[in-house]
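Multiple structures are listed underneath, in structure tokens.
Presented sequentially are two complexes of chain A, the first with chain B as partner and the second with chain C.
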Partner chain A sequence: MDFKTTNTGDATEVRLAGRLEFTDHDKIPGIIEMLDPMAQTGRRRLVLDMSALEFIDSAGLGMLLILQEEAENHEIKMVVRGPAGDVRRSIELARLSEIITIEP
Partner chain B sequence: MAGPALSLSDCRVLIVDDNEFNRKSLALVIRRAGITDIAFAENGREGLAAVDRFRPDLVLLDVDMPVMNGWEMCEALRRNATHLELPVLFQTALDSDEEQVRCFEAGGSDFISKPIKPGECVARVRHQLEKRKLYGDLAAFRERVQRELSHARAMQTSLLPENRRLAEVADRYGLTLDAHFETSSELGGDFWGLYPLGDRRLGLLMVDFAGHGITAAINTFRLHTLIDRFPMQHMAPSQWLAQLNAALKDVLPTGQFATAFFGILDLAIDTLTFAAAGSPNPVLGTPSATRGNAPDIRLLDSAGLVLGASRRAQYVDQSHRLPRGGFLFLYSDALIECGGEECGPLGQDAVPDFVRDGLARDRQHPLRPMMDSFYARTNLPLRDDLTAVWVARRA
Partner chain C sequence: MDAVHHDRRAEPPAEAALRGFSLLRDRVPADMAARVLARFCGTDQQPGDGPASQDARPSGRPGERVVETLLMERADRDRLRAAFDRGPFLTVELGEGADEAAALLDDWSGAPAADNPDLPGFYLSLTTGTAYGLQCPVLVCDELARRGVLDPQRRSNVELCLHEAVANAIVHGNLGLSSAVKGEPGGHRRFSEMMRDRLGDPAVVRRRLDIFCRWSERSIAIAVVDQGGGFDTELAPPISGNKARSGRGFVFMRTLASRVTVTDGGRCTVLQFDR
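Entry: the complex of A and B
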């Protein structure tokens, strides 16, 4: 999985691409590290753009839950945007929308 | 090398040299470095005998000797698997490139040039001995971890129904029961079980913890103890899953969760009632209304909040007819997510055809042909744990 970050106004947008799976565990700290500076500079929204993500496995879903909790701890609202295809299907099957805000 | 210098006092060194003066001066040099356990030989043949008798940690080996020279002795040593890793330091007065290359070709670990420079000699001896010790430590560590993992693996396997138990339950309830379980590494995060609830009802559980390996396996052990705490007898599957969810939420760290299917097959009313928490869609087959036709096969909806993610999770019961001749196929996500170079992963939508194909090849026990065709298209080792369970009611 690769990700690119852009800051826009009150939000930080992280665009994920490729496959988010078991072997990507070491990349999540890189996203979590952004939460401190976000909170300090008053950016209150973390948008995970998943439209370019091709695949997510159960470990990847777990990483979303970790990010969600970390964001909550920083009083930052996390939004998952644009999951498509198999990724959307996996997120729906696991009913993560009951915990995480998912936008089309 | 980082870390404290290794004490050489418990290392054994064999010096092989036909010249007595050389033997004595080499012994003097390494004795000053703290090595006291030293043995001597005067040619290659004596040297080989001394290696077997004295079991040195390192050999200081002259090249030019009568009877058997150093190169020949080293080659003979390396032909013996026991001595493949034994450090051999050539000491040579031959300083041509070709001669020195010959020392390595004979299997030498390194060489020191004559006349011996004490500082260099001790440094090279120490380097070889430290390498040998690290190698030995690593090999011992690896062996210990492997032994422990294989014990743990046996424990994990013991959590699952044995073949004899499958046969007993199958006979008691008039079923065909086949199961396949394979972990992607020594340990895995899949679990499944059968729970007789009186003579006409049977509980079926399949759980897949996110990820795989040791962390996921520890969670299967946690799960196993929790299951016994919640009786299934007088409870709807959705209620039972909700209880399990709350208990798992208490013990699982954030990011760890499980998908699950829990169903109760009631033979008296030919009904399967289940609740699911994000497991892959189970396959339900019912005999065709027209005799002799292929069974109706479809995927069941198994969406549900995964276990251990939120205390507030609620689950929904669904009931489906499962008469004699009908079947249920449960599997973990590896079946649809693992693929190979030529064929991608199977994918959820292809599962009904995958089952039809299995049935065409073995009507009674389609699990085996299904697994054969899965493994034929999939790269090994598996990237995730695979569990597949076939439950059919005998016609």
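Entry: the complex of A and C
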């Protein structure tokens, strides 16, 4: 998995690409590290753009929950945007929309 | 991520890395051959074939079968695709710098024999070090599709199930990591440190991950076997609501496969799908 970050107004947008899976645990701290500066500069929304993500496994879904919890600790709202195809299938199977905000 | 693996290596063509077809009788010690044949090919022993302990190998007589095997020192995606193209039944990665004879004696034929030994199939045996990050479920599904076994409509569900079984076999089986640590504060960091540690341990990365596919006209069975400590198969995965950070892999498998069976003390997961 690779990601690119852009700041827009009150939000930080992280665009994920490739596959988010059990071999990617070491990528998550890179996103968590952004939360401190976000909180300090008043950016209150973390948008994970998943439209370019091809695959997510159960470990990857667990990583989303870790990110959400870390975001909440910083009083930042996390939103998942644009999951499609196999990624949407995994999110639906895990009924993740009950606990994570998913935008089309 | 895919592209990284393809591009970063400047290696000789896959063909050069293959040792070519090896019939079991040429490459594999007799006791190993006997074990493989017992598991995959039913009877190989013919009356009057000589003492079983000395020659359990097929001898080319009518009615006997030979298991086509391809051995490679080190597997990667391109080499495995090239290997599959040649259609061997068994594809075995020996492991880098491994003593060939010793590697062959590793227990890489751990999957239970199918009920019907005549069913077609193939068997892939990799070291954990190679299987990690190789996305072998993609390769295996590609091969199933190439052989006309896997309906493109069903592919993504089969691939997700196989991915989850392989991830479990690598992480919880061969690397011996428990997800419990992920639930602790800062646990994800510790979890990825532990993962790095285990991947740096030569004894651990030599452990085998085996994928054994068989099919009939109506169904496909895929066994995933590891060499880890297993787990208590009597205990259902904890049901801790959908906020849990782990345990979804089995939910995916149970939801998408027509049957999931765990045997061998948790070291073997067999997924069955309708065709």
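Note that the second predicted complex is superposed on the first by the 104 of 104 C-alpha atoms of A that agree within 3 Å, B and C clash if a C-alpha of one lies under 4 Å from a C-alpha of the other, contacts with A are read in each partner's own complex, and residues count from 1 in each chain.
Convention: a contact is a pair of C-beta atoms (placed from the backbone, for glycine too) under 8 Å apart; a residue touches a chain by one contact, two chains touch by 3 or more.
What you are looking at is a predicted structure, and each value in this text was computed from that prediction instead of being measured.
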(message) Looking at the superposed three-chain arrangement on chain A, would you call chain B and chain C a clash or a fit?
(response) clash
(request) State whether A:1 touches chain B only (first), chain C only (second), both chains, or neither. (result) second
(message) Contact-wise, after the overlay, does A:92 reach chain B, chain C, both or neither (first, second, both, neither)?
(response) first
(message) Per the contact definition in the header, classify A:26: touching chain B only (first), chain C only (second), both, or neither.
(response) second
(request) Using the superposition described at the top, determine whether chain B or chain C touches more residues of chain A. (result) C
(request) Using the touch definition from the top, say if A:84 reaches chain B (first), chain C (second), both or neither. (result) neither
(request) Figure out whether A:18 sits in contact with chain B (first) or chain C (second), or with both, or with neither. (result) second
(request) Kindly classify A:65 by the partners it touches after superposition: chain B alone (first), chain C alone (second), both, or neither? (result) both
(request) Would you mind checking which of 26-34, 152-160, 170-178 or 314-322 on chain B runs into chain C after superposing? (result) 152-160
(message) Using the superposition on chain A as set up above, list the residues of chain A that contact both chain B and chain C.
(response) 22, 57-59, 61-63, 65-66, 86, 89, 93-96, 98-99
(request) Sort out for me which residues of chain A touch chain C in the complex. (result) 1-2, 18-19, 21-23, 25-26, 28-29, 57-59, 61-63, 65-66, 85-86, 89-90, 93-96, 98-99
(message) Quick check: in the complex, which residue numbers of chain C touch chain A?
(response) 1-2, 132-133, 135, 156-157, 160, 163-164, 167, 170-171, 179, 182, 188-189, 191-192, 195-196, 242-249, 251-252, 255-256
(request) Flag every residue of chain B that touches chain A in the complex, lowest number first. (result) 208, 210-212, 254-257, 259, 278, 280, 302-306, 309-310, 312-313, 333, 337, 347-348, 383-384
(request) Within their complex, state which residues of chain A touch chain B. (result) 22, 55, 57-59, 61-63, 65-66, 69, 86, 89, 92-96, 98-99
